[in-house]
């Protein structure tokens, strides 16, 4: 017992305190624009997808999943909305037809607003038909899934971008869009659905890459700052592991001992 | 003030008590946290009713306004079932035979089969879509193939190597890659947790 | 011997209905899905009411008056649907979100960060040659998959260093293949359980 | 080059063959016994080394979605516990756990088969809301968190509960779940906070992302979906639905492998044609 802290919890306690401090400092400097997020390859693939939709004169789907703002997966829905902003801007500029079906009642108005803003900035607001391009399908999982599958089979889109939280319906989407021949860029931070996207999509954004895309697109200082702090912890994890492994192999177990204090 | 600041303060305090009780498990922190944990169960229990209220709002409106009659019949059917299940459960208790009858006849078969039928989708997917098109999909296909092979007892009976390959893939490749992913997810959740406790992430308060 | 219990027949109907969407989306499946949603929401309501009775009311009855607070906060949750006093719902949600984050954050830093690093920082040499090879591969995959998730430090992705995230990505794709293989088994085993129900409990073709 | 026709089997035929392949082993079982993996062995040993009278906290963390695979696993684990005269405190952190409990107990039959009495050898607390809040509350102070059992009877009237007050009186925490939140929750509360021997079981699609906890010792044992359940049934020597279900895997998984091969042959044949 060290000042009442039980055995094996001293290092976690110090680590947690440091994490609070470094995160706050990173967000503070993030607001001062000290950091920048690298452009992840996934965004280039999304641009390719829109290009393909223009070439083939067929629509491009952008599905942000059925998560709502009050669910624990809200950050993934927010990342999906940022990508929707990016895709809709590209579609407005290049003249591709965007289809973005909606499932969450509280997310839909925000999505419509984002798409309308992108089309307005490109001066193409008259080309946007919100009811046809951003239809509300359903809030229930399988009605939502079969609604999208029906649209995909009918419209035979050239491409499909799926970034956000997905559940069991991810397998149905990935399989149907691939069968229809759509070029797919998919990404989610829900670990259990990643295998389907990785197996079937042409390019997959793995886990936290969707948050990096979100921070890159929105340039939000708080997000960029916290992404920097996360990178710091990953680098610390790598350093401790490498040094620890070398020392342990040489018989010196100091790192492992400190970590289990 | 009491619309945003006090709720954010409650988020911070209820989070901090939990963290304090872990690192400083004195009688004071333990007793205080015991009460808060028991409160948490009651409040979480109250929140279980949200699903029913949401359905009454969404499908109540759909019953009144939906153009096609099939939607309206299904909407009212859904609400009727909700009420019947709730009445039987609350009046006779969930441990009653009548309630168990409803569960065994309706909820269990639907819940067990709805997601299970995805295996047919996966079969069609494996046949039509799982291609060694790019380097990425080829790598994935190799381990998927070996694991599916290793998962069948028949293959292990033919040659024990199939089973040891499958175990090697899990004990080395999966353990290594997913340890890195797990550290990344852990760090992400902690940082998101810090931002939420400090009121920088307020999506959960609902947008108004 | 074919089942005579009506409950088994209803369960069989819903099992087949819940499978039908795979072959073709149809109205029977829509009926099954709406039924599922209604009964599930009803069950959540019953569990909510019983939990409030078991874990809130029993304390109040036992004289612990302080448990009136979670009752009040729990009722306030339902102001979420009120046009003007919606913000009253935030007190309950703030408490649940804060407690949830506190409970996971405190342990996560130990099990998802510290312990994972400690395992990777262990000796690379094991008793057997294969053991050493496995440990080294696990070590490499953990480190490289971590580098893949570094977004604001550009040096990790330029020049020779950029090999690390590339290896990390390949390692993760191999691991996702294994996860895909296991998911195939999951969905199949779930449906095979239902097939066992249909052939044994319903049609009686299979011996119990 | 008619090879690409190999990839043109109609969709409904591919799926109908799956149904047929599922029925055959049920009618004529192949009876191939699964190989025991280390993680299942560890789960089994964690319970097997307990002495009569030791306490196991068992959590039904799954519902209808997990019932076909985790139902048989629960039956096997509880049979194992009762055969060793252990005290079993059962709870549910998933909403449907309260109505899954009777289905499991109908198969385990503690009274007839093991002479175990409710209230003396086992108790069911029912579903407790709040997921990790429920776990931390039960482990922290059980009588205050769950003053009544699932029928509403006060805990103090149940003899066995007299000396089961909190985590210190519990020897092993064993759980089965389909939810990541519950699987991780027990790691954070039972292992990290209260240093309990904790064994987790789940759908096999969840194994990769939860394996790091087993590798680093946070979880003592791990059940990998239906494979783990079948191995556990083999270990306690009582074949059940898990073994029957695993038997079917032999044909259906091989059919998936064949389809992957056929699909890729057709793909490369078609691409070969395009190139030439």
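As written, the chains take the letters A, B, C and D, and residue 1 is the first residue of each chain.
Simple rule for what comes next: a residue touches a chain if its C-beta (ideal position, glycine included) is under 8 Å from a C-beta of that chain, and two chains touch if they have at least 3 such contacts.
All values reported here derive from a predicted model rather than from experimental measurement.
The chains that touch chain B as well as chain D are A, C. Of the two chain pairs examined here, A-B and C-D, it is C-D that is joined by more C-beta pairs in contact. The geometric centre of chain A is 19 Å away from that of chain C, both derived from CA atoms.
Look at where the CA atoms of chain C average out and do the same for chain D: the two points lie 14 Å apart. Centroids built from CA atoms put chain D at 31 Å from chain A.
Multi-chain contact residues of chain C (touching two or more other chains) are listed as 21-23, 30, 33-34, 37, 43-44, 47-48, 50-51, 55, 59, 93, 96, 99-100, 103-110, 113, 115-120, 139, 142-143, 146, 148-149, 172-173, 175-180, 182-185, 187-188, 190-191, 193-194. In chain B, the positions touching at least two other chains are 18-19, 22-23, 37-38, 40-41, 44-45, 47-48, 93-94, 99, 103-104, 107-112, 114-116, 118-122, 124, 126, 128-130, 136, 140-141, 144-145, 148, 151, 170, 174-175, 178-179, 181-185, 187, 190, 194, 204, 206.
Within chain A, residues 9, 12, 16, 19, 70, 142, 191-192, 195, 198-199, 206-208, 230, 233-234, 237 each touch two or more of the remaining chains.
In terms of inter-chain touching, the protein chains here all touch one another pairwise. Remark: chain D residues 180, 205-206, 208-209 touch chain A in the complex.
The part of chain D that touches chain B in the complex is made up of residues 7, 9, 11, 14-15, 18, 30, 32-35, 37, 63-65, 67-68, 95-96, 98-99, 102-103, 126, 128-131, 133-134, 136-137, 140-141, 144-145, 150-152, 193, 204, 207-209, 211-212, 215, 227, 230, 246-247, 249-250, 252-257, 259-260, 262-264, 267. Chain A makes touch with chain D in their complex at residues 191-192, 195. The touching residues of chain B, counted against chain D in their complex, run 18, 22, 30, 33-34, 37-38, 40-41, 44-45, 47-48, 93-95, 99-100, 103-104, 107-112, 114-116, 119-120, 122-124, 126-133, 141, 144-145, 148-149, 151-157, 160, 163, 167, 170, 174-175, 178-179, 181-182.
Residue ranges of chain A in contact with chain B, taken from their complex: 4-6, 9, 12-13, 16, 19-20, 23-24, 27, 69-70, 74-75, 78, 105-106, 110, 139, 142, 168, 171-172, 174-175, 178-179, 189, 191, 195, 198-200, 202-204, 206-208, 211, 222, 226, 229-230, 233-234, 237.
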